[in-house]
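Below, chain A partners chain B and then partners chain C, in two separate complexes.
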Partner chain A sequence: MGMMKIPMIAREPDFMIHGVLKYHAFGQELWISDTTVGAWIITALLLLFGFIASRKLKTVSESDTPGLFQSGLEIAMEALENMAKGTMGANGRRFVNYIGTIFLFILLCNLSGLLGLRAPTADFGVTFLLGLFTFCIVNYQGIKNRGFGHVTSLFQPIPLLFPINLIGEIANPISISLRLFANLLSGVIIMGLWYGMMPWFAKIAIPAALHAYCDLFSGAIQTYVFCMLTMVYINDKME
Partner chain B sequence: MNISGQDFIYGCSAIGAGLALIAGIGPGVGQGIAAGQGAAAVGRNPGAKSDITTTMLLGQAVAETTGLYGLVVAIILMFVKPFG
Partner chain C sequence: MDRLIGFDPQLLSELFFTAINIFILFFGLSYLLFNPVRNILEKRREKIAGELKDAADDKKTAAALKAEYEAKLKDVSKEADAILEEARRKGKARETEIIEEAKAEAARIIARGNHEVELERKKALDDMKQEIVTIASLMAGKVVAASIDTTVQDSLIEETLKEMGESTWQS
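Presenting the complex of A and B:
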């Protein structure tokens, strides 16, 4: 969690963020935590996959029948485009790159609990940044498409409601980032408690069911919800 | 038995964390209503089962948020100790 001091007292059931490396910058003591390391690993995996996949796609000639790899990628890309088009209509094509990027990043972050990493999205610093991206894009699109109307829309329907409208706008990024963060954090806490406090025979097959719920199911649904809400917020400002 | 001011604050924080999790009631009821309505909708129109399930899960994931706010408040009270 962003607000916590990073070097925690080691407790028996362990679900805290740990510092890996301490460094000083701008007169402050900063930490490279396992969140950062996890995010690096996931970014590296995504970059590697993107590099290999783009190389492989180039080598397929037009006369060839597409292989399993290319077909799979095309199916996934089409599903993503359909998701964007279903929510945003004709505007979907312009945002499918951004939505696809955050979709893959959040999904891999949520699933990284299966690899034994502490999920980077269980850190409010990461999810709040993602929420801020959404906030910036939403407001940029609002100003671009409505001009000054973006500001005056805060005074609709009557000027008295301006504070409520303003809070409603500011609450959006906080709400979507807290939703993702708290879901992942609850999964990390449950897994940490189970691994830390249960006797050895309870750690044999039962954690598989917990991983299936906390990491796979919850993680996939929250990824979908985050992307969906981002698209809905952007689409609100498009017309 | 001596209870220092610090201990008193920690104890009250723990009670507050427990009270914050009462926020779990609302999302539980709401998700239950959503699931019940989803079951009724599948009963009326079994062909649209996948669409109904997707919509239901999406709505439930959004409805869960208020309960998770309670969880975040409880965790902050327990581990960040803002008043200690």
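Presenting the complex of A and C:
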């Protein structure tokens, strides 16, 4: 007896990462995914904004009264500096550029769901890389400030705890990248299920509330959490 | 290719592309956005700090100048008092001098007036004496015209006048 297909829903729920362009490298068949393209778009937008800001700021003289655009940039920069200094103290100044970069990148990635893109941060390939950067910076600072003591600190307070300390160190980048990834993925799945499974009338107005929570609220919170944790981890190794 | 997560070469490929992305973004935004804005803020901070320092210096200078001027003003007041005192003293002296001069002038005028009165009196006496002599001689002449001659008449009159004396006319 053949199976009957009954069209229950408009289309299949879709929250997968899709390949856009296939290429071969190192004997592997690889894809440029839609999240990678999304990340490129966001990078391009941010660089365009930076370019416009740079052009505007070049025409500014010291004695001019700052306009709306310049004031906005200055307020944002001061907020960023205060956030970095509040968590890392005097050390924060050196990391403002990096924290600012990942803050803007993650925030726009998280909010890109509102523009119809699949949030690049709902791809572990993006969040894990951010976690790895944090891990690298943390250990670089640890070695720079403590030298060999950075390695011996893994055997503190007693050598028996070395495995736990090691796992603790390695778990940091995995935990922050998985936290960001899972939060954003949950939003993507919820939105995908809603758009894929709900009848047409449920797609009016109601998704706005879901977007507000999954993209705006959760996205902004997770951006802040990721940046704060990165700063806390780095600061731990600088004291 | 459809996937949610996977630990395979595709993950490495995505890591690679994301790393390039983040590097470009970091250097691009640092150059275009973060450093220029921070420079502007830094310059403004320095400018404000400089202006505050200048203002503090100016205030200090102004206070010193004020103290100096107040001291000078005090001296000026003293000097003015001295000048006024001197002027008053000179005025007083001049007043006394003027009064003295006026008194002397008045005395001179009075003396001259007295002298003139004396002269007038003497002149009037002389005139009166002359008039009386004339009248007396007329009267006597008429009385004794018939009996005595002119020589006798003159000697009689002279004698009479001498008898009366100078003091009688002057009193």
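One rule holds in what follows: the second predicted complex is superposed on the first by the 228 of 239 C-alpha atoms of A that agree within 3 Å, B and C clash if a C-alpha of one lies under 4 Å from a C-alpha of the other, contacts with A are read in each partner's own complex, and residues count from 1 in each chain.
Note that in this section a residue touches a chain if its C-beta (ideal position, glycine included) is under 8 Å from a C-beta of that chain, and two chains touch if they have at least 3 such contacts.
Model, not experiment: these values are computed from the prediction.
With chain A as the common reference, the superposed partners chain B and chain C fit together side by side. Applying the stated contact rule after C-alpha superposition, one finds that A:Asn139 touches neither chain B nor chain C.
Of the two partner chains, neither chain B nor chain C is touched by A:Asn165.
Of the two partner chains placed around the shared chain by superposition, chain B is the only one that A:Tyr224 touches, whereas chain C remains out of contact. Contact with chain B, but none with chain C, is seen for A:Ser186 once the two complexes are overlaid on the shared chain. Set against each other, chain B and chain C differ in how many residues of chain A they touch, and the higher count belongs to C. Distance between chain B and chain C in the overlay is 8 Å (nearest C-alpha pair, rounded to whole angstrom).
Annotation: chain A residues 16, 181, 185 touch chain B in one complex and chain C in the other.
Every residue of chain A that touches chain C in the complex is listed here, in rising order: 15-19, 22, 25-26, 28, 30-33, 35-36, 39-40, 43, 46-47, 49-51, 53-54, 57-58, 60, 62, 70, 73-74, 77-78, 81, 96-98, 100-102, 104-105, 120, 123-126, 128-130, 132-133, 181, 185.
If you check the complex, the residues on chain C that touch chain A are 1-5, 9-11, 13-15, 17-19, 21-22, 24-26, 28-38, 40-41, 43-44, 47. Touching chain A in their complex are the following residues of chain B: 57-58, 61-62, 64-65, 68-69, 71-72, 75-76, 79-80.
Of all the residues in chain A, the ones that touch chain B in their complex are 1, 3-4, 16, 175, 178-179, 181-183, 185-186, 189, 221-222, 224-225, 228-229.
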